[in-house]
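Input: structures, listed below.
Here come two complexes built around subunit A, the first alongside subunit B, the second alongside subunit C.
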Partner chain A sequence: MMKGLSLLLSLLLLPVAASAAECLTRGTGDMGIVVERAAGSLKVMDTSAHAELFRVEGLGDLSHASAVYSRDARYAYVFGRDGGLTKVDILCGTIAKRIVQGGNSIGGAISQDGSLIAVSNYEPGGVKIFSAEDLSLVADIPATRVDQEKLSKTVGLVDAPDQKFVVSLFDTGESWIIDMSNPQNPAIQRFTNIGKLPYDALITGDGRYYIAGLFGQDGLSLIDLWHPEKGARLILKDYGKGDQKLPVYKMPHLEGWAMAGDQAFLPAVGQHQVLVVDHRDWQEKGRIAVHGQPVFVMARPDGRQVWVNFAFPDNDTIQVIDTETLQVIKSFKPGKGALHMEFSPRGEEVWISIRDQDEVQIYSTRTMELIKTLPVDKPSGIFFTARAHQTGL
Partner chain B sequence: MMKGLSLLLSLLLLPVAASAAECLTRGTGDMGIVVERAAGSLKVMDTSAHAELFRVEGLGDLSHASAVYSRDARYAYVFGRDGGLTKVDILCGTIAKRIVQGGNSIGGAISQDGSLIAVSNYEPGGVKIFSAEDLSLVADIPATRVDQEKLSKTVGLVDAPDQKFVVSLFDTGESWIIDMSNPQNPAIQRFTNIGKLPYDALITGDGRYYIAGLFGQDGLSLIDLWHPEKGARLILKDYGKGDQKLPVYKMPHLEGWAMAGDQAFLPAVGQHQVLVVDHRDWQEKGRIAVHGQPVFVMARPDGRQVWVNFAFPDNDTIQVIDTETLQVIKSFKPGKGALHMEFSPRGEEVWISIRDQDEVQIYSTRTMELIKTLPVDKPSGIFFTARAHQTGL
Partner chain C sequence: MHRLLFLPIVGAALSLGPVSSVASPEVPPQRQAELIHLLKHDCGSCHGMRLEGGLGPALKPNRLQNWSPEQLAVTILYGRPGTPMPPWRPFLTDSEAFWLAQQLKQGLQ
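== the complex of A and B ==
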């Protein structure tokens, strides 16, 4: 009898106990994920305790993976290179839902109100928009046809205020504003001839300016989303590959632009320089000599420092620039494969992925000293939950 | 036997069930609190569902109460007028800890790293700093002595980057930077003669400029925290009560300044105007005629709109200003006692407290239409958890 009672109790208690053990009751404001690109997994982190909470496996090909967060900061939506879109529950360390939505995907965005997830696809070219709740398809927007066989690749997809997305078409040189305020009837505004081969884009933190980098010519394409009637215009006409003396190891990420006060800091293409641009008129106002070809140029949230990492063969180095004096105030070598950086939302710390050492390093931005190292398998992108509250992230 | 088993099961299951019922396992990114000023209570809200989650009572005198959030966005620290400091667990709807730390308090701040809570007190005048964990006292910093009986009141307390707080001394016309990077040994930098009777202050969102309003003279006192060696200087020398033709019903809150692009929007003192200031040189560049004496002048997070509420007898009205054309694009009367506004972090909605109607109204900022009304007893301040990630909020 006691054995039977014991078994009965176990069965009755199991679901509750399991649920309590697996999911955390805690605030999500200080959490984040680190992508393990080779393993197709990610680690869920507690940024206050500097500690790992969960490892989540089975996310497919995570090379160049990126992520956005639900508005409650409980779910990370991870965009894989293989077209996978995975909704990860960071309180339970589980995959809430996973679909393979395209053949070859390069990023996504979440709508202003958090209800929609958009993904841009190379293959087949276009944008698919899903319900953030269950990843069911809401809209399938094919890109412009290039020839009988294929549609243009789509790149540089971002969210914008008033429930919009903006995306560029690589092959056909277009940018589209997709208004999803009526999800059953997407309204698309098309800008053609924006420049040759847009390969990536960013939106400024206030959601006003959409800027696409061009692979087929120098300069960048800018759209003022407050004035779409003015069309796209070319800015920074000297920005690009031009007559490079050095081989371009990697086209820099545009999302890695830093905006600090009236200045924008941009990675020069193929040169050992960071460009300083006045973001009121988008004119270049200076260049800062740095250690290698910059990849990410990231501003500390208060705009007082800019941290820079570099393309191979200089990807073992990080430099810190003072945004007022424009001087490099610190150079150090955290290790080979320093791929990505993420600041804590109020800027007191920065986390850096060091791929070849299988670790994430955490630095104080005040002392610029190493605080702690956490083991992570081939870490790449780091994404903290405060992104849930920011346009374009 | 079955009755005994049933009782045994109930007893065994009780703690788990109770715990599950009381505390929520959910993301905290889309939560917020609304202060019920008369009842000394607050309501915990789900901003995605537009629904109440908990009502928490027993917080003392909450007239002019304000709140900050822990870095994990689980706990709200509520500063009451009566010197009460209450740590509220918004996942469980309970008071985690409450102390009465002073006789008469007017606000507080949380340190950049989230470890310290600072409170400014009228009586006795000074700043007390507590552990965010258990509210134990870490530092007690008395204000400058005014006479044998009393110390200066402290006002305008804010957090600043690099683990600092900044506060002003009403009676003695000072501002202090308190560096808490070594919590056992606060380092204080004192600025004297900053102007007569500072009554409130703000810090810009990037944490660079600290600006104190002056009750005893016109103008505002500005400290550039990147250059404290330059001292405090007077800006906007025409800003103030001056020769007012109208009685000043309420000194406007400085935290209600809106920064949008290069412009700052300020409530004029005692006049039916919003001032437009170039925040690069702090020169006035225009005035916008509005419906009454403005109290809060709040920018939508993308800076495209500014929403304004007004002092008695015009506190039944809200106006919306387009920051580009500087035109009032919408005026409406949501009800008497429109005391406070809070935008969702990405700006799609704004919540407005309507005290005399015992309700909070939720508006779409795109359509400017009412979406929903929630019952709240004499609502005043509204504070969403995204503040956890912002300097000065």
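== the complex of A and C ==
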């Protein structure tokens, strides 16, 4: 009898606990999401209070998921590995719209004006572009055919000024500029022979340079988007020459690479090194020996520090580099599976996903000490709303 | 096509150090759990956490049907030169690689 009563009571109380039905009335500038890669869910976080606001479930396979934000920073568009594209309302903790647009995908971008969402697909290879409003298909752009069975995988998709997207083709070694200024009639400019096996790319924060990392050869491919007529050119082409490359257990990421003053910091492929490059002439200025093969090399927003995480089997370690002295000033082991880092917009804190401990750790970048730990199930990508207003993020 | 590419690599790898075709897949349960974790999360960074493919190919039983567990174990241990697939030899014994290959052939939950 008592049991029955308490069950009845808990049932009555359930709708109150399920706060997702209640939308918040607040600004979103100090909010973000953390991807729970194995559960196919994400947590919406308050980055001022260091607290969870909502947990949103049902987003499919979120291994290697990434996200972009609407320009009003209310909606996160989450790109899943299984081709899922989900528009999440972070004020309500609900899915506003979800589609499965491809078989296997690897991230996306939002257009300069916020009206279009582009998704980069491995299978079938190509780029699909959707209305940011209702996720209806606007353009389907298949990649170059590799053989009878497949099209090239697409990687390194970013937004660029003048309502463009730029993407690279893994199998065929191309980069394409997709001009969506007339959404009914996409104009594509193709750069062929940019280098072997581009695996990821980035666009500089000013939207001028598109740089693709090459797995199949030394160097990086650079396109100056102010002068596309000059074509793609190889930079840092001597890097790695003659060096014995180590096996790569996790491909480095180029998005979120570090620019500090005139210097750019890049993860070396197959080396325990961070590359320092003068970004005025793209010449190598030095290499910093680090703990393992870097995956993310990310600058604090003011450029004074660079935080680095590493590939398996060194993914239990984080190192911090002083960009003035180029010295490693801190090494620590937050736990196995330190997968992703995200700085607060002005850089006083960094949040780090520790996959195998099911937690996100928050550090002060001034003291480099742990401030707080939040429980998150197999966390991977962390995306704060400040990305809404940055080209390439 | 894939098979033609694959076999010479297997041949080369075999000459480096074969996986015994009678390798006894005696892997303690705790280590099995670690290997499955490795498969999902570290192999998964290229092959997909659900092994449905990514930058690397899918590793579902139907796609792997043309290869024996021994061949797959060799690929795991020695990688595929010319592709991003690295050798996992530093982290796995022969029998662990063979056990993983068997799991792939059977399909994971």
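The rule is short, and it goes like this: the second predicted complex is superposed on the first by the 365 of 393 C-alpha atoms of A that agree within 3 Å, B and C clash if a C-alpha of one lies under 4 Å from a C-alpha of the other, contacts with A are read in each partner's own complex, and residues count from 1 in each chain.
In this text, a contact is a pair of C-beta atoms (placed from the backbone, for glycine too) under 8 Å apart; a residue touches a chain by one contact, two chains touch by 3 or more.
Values in this document were obtained by computation on a predicted structure and should not be read as measured data.
Asker: Please indicate which partner A:R74 is in contact with in the superposed arrangement: first for subunit B, second for subunit C, both, or neither.
Answerer: first
Asker: Once the shared chain is lined up, is A:Q327 touching subunit B (first), subunit C (second), both, or neither of them?
Answerer: Once the two structures are laid over each other on A, A:Q327 reaches no partner at all.
Asker: Residues of subunit A touched: more by subunit B or subunit C?
Answerer: B
Asker: May I ask you to decide whether A:S131 touches subunit B, subunit C, both, or neither, giving the answer as first, second, both or neither?
Answerer: Once the two structures are laid over each other on A, A:S131 reaches no partner at all.
Asker: Once chain A of both complexes is superposed, is A:A38 in touch with subunit B (first), subunit C (second), both, or neither?
Answerer: second
Asker: With both complexes superposed on chain A, which partner does A:P313 reach: first (subunit B), second (subunit C), both or neither?
Answerer: In the superposition, A:P313 touches subunit C alone.
Asker: Based on the superposed arrangement, let me know which partner A:T192 touches: subunit B (first), subunit C (second), both, or neither?
Answerer: neither
Asker: Which partner chains sit in contact with A:D147 here, subunit B, subunit C, both or neither? Use first/second/both/neither.
Answerer: Once the two structures are laid over each other on A, A:D147 reaches subunit C alone.
Asker: In the complex, go through subunit B and note every residue touching subunit A.
Answerer: Against subunit A, the touching part of subunit B is residues 5, 9, 12-13, 16-17, 19-20, 23-31, 47-48, 69-75, 91, 112-114, 161-163, 181, 206-208, 226, 261-262, 280, 301-304, 324, 345-348, 366, 385-386, 388-391.
Asker: With touch defined as at the start, can you tell me which subunit A residues reach subunit C in the complex?
Answerer: Going through subunit A, the ones touching subunit C are 37-38, 61, 63-64, 81-82, 104, 106, 122-123, 147, 153, 155, 170, 197, 199, 215, 247-251, 312-313, 337, 355-356, 378.
Asker: Would you mind writing out the residues of subunit C in touch with subunit A in their complex?
Answerer: 1, 37, 40-42, 44-46, 48-50, 52-55, 79, 84, 86-87, 90-91
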